[in-house]
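We call the chains A, B and C, going by the order they appear; numbering starts again at 1 in every chain.
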């Protein structure tokens, strides 16, 4: 397209330096503009998904104790930052590079073969990379919550890289990358990744939580689960809002193009499912147990609805979205109850929100898909074909992730070790893993005055908070 | 266009599954692309407005006490989540469904009649729904601040649904939905809702605060108002920044189309008014009372400017925007002072920011509208027509909201009760309404060690923070 | 363009009031739609950059002590709010108005001459103004961090206005505004402002920190630097995430047009540099000093990578981006060490992140620019021309900012004074500068009960938190 040529030309010498210069317009076509729009939209969607990292960090921090809050923020920061490198180096190639039915093996470092996948799309390979990178980071960060307050940072760093760089990309290749799942007669529907992203994260989280064992004090001498309250509801709810905002990039962005009615439909089903999930989770927790409007459950209910609708957000009707949201909102409460009973300690409910509701949302598409005969669900006259396909998707992904992440956690446990010492867990992970506390309460008061000079530790390199 | 055809092919059996959709490509026209752009922009604007929910939550939390912070976050979470359902079920139909001059009555559940309003626009009905939903949630959430720290959650939940589902949609229908106000000779100008959204919220907030009465301790034995300091300036200012960001969806998005000069003008007037409001509020508070640069007043001044410019952001010049912002920045200080004097306890200043400045901003358009003769304001040679129309708008909306929300609060007070018990108010609402505290300070320190096992309450369902 | 005319026509009388109406389509051209898209994208990018203000505020708050947190939030709020007015009144005209090689002098108050610069672009002058305003506010707010915890608010307010309104705009004019740097044979490459924005802020920060002197207690009796820990790692990391998100507006938005491949390339180099910076800073700090995964260094490393890539994000390859990020990630650790050694107290590392890495990133483009012969870097066969041009850019900007901001701080110091009293610094700035504390810890516990009425200070005007 000449426009771009002109712009790149401008790059080399114009007075306005690298900035866009006036372009001769005669060959700007409507298709070319639509392609620019598609790219712009997908990039903005990617930014919204990247913002979700902040949401995950705050949700996890809010639902856990202050004594490990620096560790939690660091994990969420670094699984994105290091994940960038892993996904660039290998993950993208495995997911979307040319390869076989099982995985891709071209396009490492965004080199030759990286653009094969996008050659038929309007979306540029770099835009697509950033969007997919944001998804990979999401899958990895889900695990962090379930393993909070007792995992060695070094170990977290290692497995986070392997999930982003290998375990998750293989799953992506199977369906979105054109692998074996995409070649079935009836292709499974997982529009934005209830299973591919969320259940992958949720199952790895489950394996991690099992490998670690529960936090000290989580189960009483009688074996009954106890609530270990988090330290900041404001952080948890702010995190929920940020995740909600990010989901408008996650789901509509997965359309990979900018088309009003499609984006509107996706945004609407997404919103309705969140609402139904939050309200149902609040009511179920109210009626069954708490007798009160539980904030944590309402937040997790909203996220449960969002996770659930992610597979079918462009396949179900508004009523279908409400049903999926409502079922997931109920299910998350039951699932949290269940994992407490089987002694899996998941401090933030990540296994239930992303694992249980990811799987549930994917299967429900088999019933509620409202498309044409080919992919309609059971309730819409499409027979069982789509449902079977959804089951195949779920079973194969769960099996893959359970086995690979199980092996991964086992190996880490036997080598560098997975869990911190009992003393460190009592104290909180911040000082020993990161050399600083997350909060410095003695300086919370305005009356605090610097006194003894030895209060300030001399160090080599010093910057605020470090 | 081949692109989309290819994608559709891919959809029904191919590698890319459900991504992208039906459109034959030969008929991609420039108009169609502009329509896609309009939709994409309005959807992104809607996301920014939805993000404002986080801003309102933080602002309100920051300006109130820690002992009710979980309650505040929960209210802000649920008025969006439940509001989604109410606006989907009935609110949208009342606002934009086909109907009479007073309200719409078609399009419930986004069914038949929902798309009538958008049939002449480029914006798709689903995109429009999400955008309007975000506005409805804004109107409802404003009330929360003025009624903070003493309202039963159950009662809040009920009236929040009724504002989102009925009181606000009727107001919308009158003007934006083509009702009686839109049919006046000189149509009132309320571009993005200084009156329709903000004054509606502000007046309902006033009625709620009156119905509740002041917080314990707000007024001394001598009747003089006392400052009850909030617990977190960082939250309040972060909330202000998020609201500012959201306003770039609120105002430019209300153009409902993507046109550079228009969006640029709207964004510019919006920004200037915020700046003028913040600076003036800071200076006025400095000069008249505090003798210092008050943070709360500066933040509320910025919001006052933003609320004020919302009506006229596409009708006034840059100078007009500065004037509106400056006047609202002064007015918010005076209004806070006034409501303190008449013993209305508004913990966050919501009545002043949204009510007073919403009304003021709307009226000022009658003076400062810089359009052509038909709708120019008094200062721009347009005579009094536009001003009169603005007054009619304000008076009718204020009357409607005052009467209906007054009745609503009265009925709630006489039935389920509006206010928590004195003991609960002393303790804070978090434990009794929600079963958990917003913060858990004993675990703020890194030195904290889990000790007695009975510190951890055994419960049925447990998730972090719940 | 008729579309706009129709819209403005609709403004004056239609039933939908000011909202966009259907437009007769026959004269919508593809170019016009592309222009609308360009504007929409740049406006959204501007919003992302404005959001960075919240990121800077949180980063600075998190890395400093709670006793001055209200002051820090207020500074960050007001340097944007007042900066809006200064940039509108004079800054924009100096930067982009018609003028001479040194500065512009037309277009004050966005009046006559303001649109000259954009006359050849597709971007509307108002959209361009908002985008550039966001950049100006960024340059100003960088200074705040280095001068934290000991600067008079009044003095901060004054110099902040002068940076936004004069010092920074002159720099902008030299290169982006078509001034003398833009007229060199080989134009310096500073795509989004590693030097123009970040080094400007960083050098002013250095001058400010020198003029102020270190905080009480920063250096021991033996002169050795001591760590003064910040009060909230969650705030610092949340701030980092928000800054990352904002950078996707900062860098891609600087393209000033919406073109898929270009935006994708810019977003990709930006992301890779952030990842490399964070990982390298973490590792270097781990290896050299801390022996642990330092959170503050990882966050500053991510920002260092982002600052470094800002100049060359559209000029270097993916490998170049990794190199720049990695070098800046190492450099920020060394730079923090260095400024501690020379007794410059920079509480948040702003001088190192924005100054050192801004300069470094700019110079590295001279080696790593991968363009055609004209502007290729040393390592890409382009000879030393580009490198020399980069050096000229850096030296001239550093000299200008050091001299002007040095004079500014000197004059302020001799007149209104720059630093608060020793007592005030001990106590924290919040009460004396702003009349309120940033936190109210005694009301953090749910058990807190309002007791003595004299705890509540009667004041004239009261709003939450003020």
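One rule holds for everything that comes next: a residue touches a chain if its C-beta (ideal position, glycine included) is under 8 Å from a C-beta of that chain, and two chains touch if they have at least 3 such contacts.
Note that the coordinates shown come from a computational prediction; the quantities given were computed from them, not determined experimentally.
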* **For chain A placed onto chain C, the superposition rotation in degrees, Cα atoms, nearest 5** => 120
* Note whether the interface between chain A and chain B is symmetric in residue numbering, meaning over half of all numbers used appear on both sides, and answer same or different. => different
* CA centroid of chain A to CA centroid of chain B, Å -> 29
* Please set out, as single numbers or ranges, the residues of chain B touching at least two other chains. => 29-30, 33, 37-38, 40, 44, 122, 430, 437-439
* Structure fact -> Within their complex, chain A touches chain C through residues 3-4, 7, 11-22, 25, 28-30, 32-33, 35-40, 43-44, 46-47, 50-51, 53-54, 57-58, 61, 69-70, 73-74, 76-78, 80-85, 88, 109-110, 122-130, 133, 153-154, 157, 235, 430, 432-440, 443-450, 453, 456-466
* Asked: So in the complex, which bits of chain A are touching chain B?
  -> 30-31, 33-35, 37, 40-41, 44, 48, 62-67, 120-122, 175-178, 182-183, 185, 187-191, 216-217, 220-221, 224-234, 236-238, 240-242, 244-245, 248-249, 252, 254-265, 267-268, 271-272, 274-276, 278-279, 282, 285, 288-300, 302, 314-315, 318-319, 322, 333, 336-337, 340, 346-349, 352, 374-375, 426-428, 430-431, 437-439, 441
